[in-house]
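In the two complexes that follow, chain A is the common piece, with chain B as its partner first and chain C second.
Let's look at the complex of A and B:
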């Protein structure tokens, strides 16, 4: 009876976009950061799992923010 | 500028979008609508935009600024004005909620379970205005144990049995049939046990097939706590109508005492996109780290708003970021963010000085002397913060006068 719930649709979950290797590289260069300097997200995180993200991938998070309207953040997927 | 045409919306937007990576979205939108509202010409509009960019850039936080300290003070000071009392919800029957300072501490301390866990369950749009459906779902999720359905329960030591006297009113109330109850009892009666129902159906006798008194007592506890229906952890559920300003019904929501987020999301009829819990740990487990971050911000904001305290959103975001950037939710206790290495000297100056120093020595700990406390202890020296975060290297030219260290 339990039905499957898509966590990506929940109000509290901001939009997550799994970046391709090239996109990730481009963004890291723009920010002047190494991948290890990004905040983390575990590969076991419900959202990372829903996106099929592998350790080493970069996820772009588009958050709604009352100050900036839309704020973009990045997280690197780590093994968890 | 007599006769000059106002700038066209398309042209204005493309001018503003040139600053896409510089200005935040809200600022760009505001510029757009305000410039159109005042009907500025192209020249005026460009001047306004470049002034906005200039002002925006000059208002950014400087590199090296002690944002954490500023955030701590900006939340801490107003928090001292909050009452220490735990308030009770007025208006909603029978549900009380921790608010105020205790709740604030609870959120950042990240207790596994809040002292008053609760959920706000929204229903699928098709049945959101259906009180019957709401009551049905509320009844379905409310945890009902065998104990809830009995008027009395006794152990018959002579017969080695547990005798349950049923409460038909309660069973009706909770929507439980005798069959439901018997099915639940099947699970706890044990291998040698058997369940009997009296002729009029008012008492149930569970023979346990053992005369060990201790086992009997344990079985008694187990039987009373056996779940008949509902979700584990949901102690109470009530239906509450939500009305808009005009008093029209918007929808029915179910408020619960106790929380089982995972369980409730998978109940048919529950809207899995809007349903909430106040247990941040559960949100992290079910919806992930970003949702936990959003929930932390929301909960802190809610507490501060309830007391009419106006704390800038950015300070709260910083706290939430500090708690979640490792991918896990970490607590902020009285020793700062958990897991963050703290200077040996700073720890020693806080509590149990000798023990801290001895242990640090035993483990060969190093102190990078980055914080304020350490630098005060060893003597005045700019700490790596603000202007102190910049290191200067000076190449001494051959002709320059040589001087000793500053």
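Let's look at the complex of A and C:
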């Protein structure tokens, strides 16, 4: 039997946060972006699954960056 | 509004005989081209119905004239079918995979069913995998010796390239005729074609065997009329004539009931002509040749290769208003200028609109005409009419007709803006805008300082020049592309344009303490740098007014400039690497005056951070940077001319006592190595962690010998001294290194292959001059001679081995990195930094939420970091310390 693993806990997976509808709206307004301009993440992506994200949701990714220290990115969940 | 449609896919199929006939407007009946009067023969290859190509003639099919008639296809009915050579491998697969009797794929019905279901699934999700499955099906089906459907025994089929098929029957090897092949292919049912990867609607396999041949319109095979009035036909026309003749003979012989051997020969000939019509470079058959012996250029040759339709015509980017010639240096030009030969300036033009303010100037240019520079080549009237000044008799009269609103295409003139480029364009600095200076002779001239960004030298390099035409393009070039806008490299933020070679030597000699000038030399130097202000207060008053080199340099520095930095020429001993260095090892500029330190590579050099030049460009702007390079840098060259500077064999000769010292160092090193080898032989050598004893020995020997070379180099450096020109160049960073000098003056040192001492060659020894497994330095590539004394034959060989490795390495490296760079460029080419700081692709999708995640422009950074705090602090402390 394969052991159940939570990918979010893996050290190579950056921090992912599922945003609520309101949060997503607020952040997109701040960035002046439409959802359609965001990079995608498939709803079948292991991370999206672990977060329980549905198509249309926005996920915030906080990565370590060699230039900026910490870099925040956003992805829109698409059907996949 | 234009309608956008999205292409969801492209499907290729095979032309069926019916389609070929429908596409065509006529059947070609005869191989005759023209009759006695020189008119095209109806039913021939030049029939008027195939489209008009002579100007004025009306096309008999579409009614258009030459310029608008697209040309129309014809067709040839072949007397016997022939194999299309491009399809031969596919035909071979199909014949092997299907039954020779019933035409079914030779798989059991249940297996067939299973495969076709899998094929459908793959078609939906992984169309690319279909090909793999097809390959598997063919491999499986070809193995069967009996048809699973009709139980007919099967034979092995062999394709002899390029288009002959044989079947291995019990009676022996039998040749299959295209006719038989076509019949077999016809028998394959549509349902079975799907598992063979063919769509029966678009490509029935029997269409791979031609019964009808499409004939391309004369528009793609135009005939040329020579000066003698003689007609010369295109290669394709020649080939089509051959096909028609062979076809005609074959038909006649069949009708006359000739013996089958004759018919087979003629059939083969037809096959050959058709095959070479498609591709005249098929392996295994002789290329069809012209009477002169030149191979014909048929359809495949037109498309293939670098000069072919795709790479040469469609993907080839060609432009007007451009020029190319050899480059040569001109230190008297500004860095942002380019010298353009008069002959080129008379061909390249810039359109200039006539206004009340420039009408007199333009009238003068027009009356000069196209042959006299500066002149003009064309006038464009407001109604769009073009006047070609080459054919105007009375230029003065035409010049008087100029009115505001006319456009004059005038010659390229001094002060025009042009783009200058050297391939490979790996950089944005590979294409920069320059200001034109029209000069005599036939080469483009450029300032030496811009050779760095272009990576140019003058051993025959050629460069391209483009003249932007519209005002917008010119303005854009002036504000964004001018050379000074590219002084700072976008790679890491240091000036990429800066002093090199003689400039650095000159700067060093000029700012050295021994450089003092009387009034006339000081004035002459400043004049060379086009300075026209007053002389500064002389630093020395007795025995007369004298100026120091540092003073002359200070003339060009901004009055409020403060700077500290270390010189590349750190004085020996190392005690002077802090501020207030009496030996000029530390540069100090206060209030625009160079007080201490010599200028060398670390002050005026290119591609270096924290130099005086860098500071100037960052604080006072790129225009100031350009100005310094056009003034101060010329002063450096002028002083070098005054001072005189050479290097020769004498520069690397050391006195006998130095040579003795060097010999002693070498002897000592050899003794040490001997000891090491002896202790290794006795088994006393203690291996280093992770290494074998042998590896440890090698490491130790290498380090002993490397140490010997360093010490011998130091000896040479000491005896050559800081007044030796070769040493000056090496130490200031102008050219060459101390290692180069060591190799010339004292010893060349250990030669290596892949970082190891040389050991390949004969068994146990690199050369037969040595005993097997001799580990001594001289037997493993240690060169104890110097270049100036000359190498022993064995040493010379070792040096050549090592040198060859270096050459091979660079050749391989450039090819690899070039390809890597190309792939990167293709992937990233249309990303851009949007005004909101995000990185977007051509569809406006976000790639990065902030450029580089920190939003830093590398050309304004310190190696990618926005600020280097440590450097800043050091500088402030140093400057405050002064006062």
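Here is the rule we go by: the second predicted complex is superposed on the first by the 79 of 80 C-alpha atoms of A that agree within 3 Å, B and C clash if a C-alpha of one lies under 4 Å from a C-alpha of the other, contacts with A are read in each partner's own complex, and residues count from 1 in each chain.
Everything that follows uses one rule, which is that contacts are C-beta pairs under 8 Å (C-beta built on N, C-alpha and C of every residue); 3 or more make two chains touch, one makes a residue touch a chain.
Computed from a predicted structure; not experimentally measured.
By the touch criterion defined above, A:67 reaches both chain B and chain C. With both structures placed on the common chain, the touch criterion links A:80 to chain B but leaves chain C unconnected.
In the superposition on chain A, no contact is made by A:18 with either chain B or chain C. Ranking chain B and chain C by residues of chain A touched puts B first. When both complexes are overlaid on chain A, the residue A:9 reaches chain B alone and has no touch with chain C. Judged by the touch definition given at the top, the superposed model places A:42 against chain B, while chain C stays out of reach. Overlap of the chain B and chain C interfaces on chain A comprises residues 39, 65, 67-68, 71. Note for the complex: chain A touches chain B at residues 1-7, 9-14, 16, 39-42, 45-48, 61, 63, 65-71, 75, 78, 80. Put simply, chain A touches chain C in their complex at residues 31-33, 37-39, 65, 67-68, 71-74.
Residues of chain C touching chain A in their complex: 836, 838, 840, 844-850, 852-856, 864. Against chain A, in their complex, chain B makes its touches with residues 24-29, 265-266, 268, 272-274, 276, 283, 285-291, 294-295, 298, 313-314, 317, 321, 324-328.
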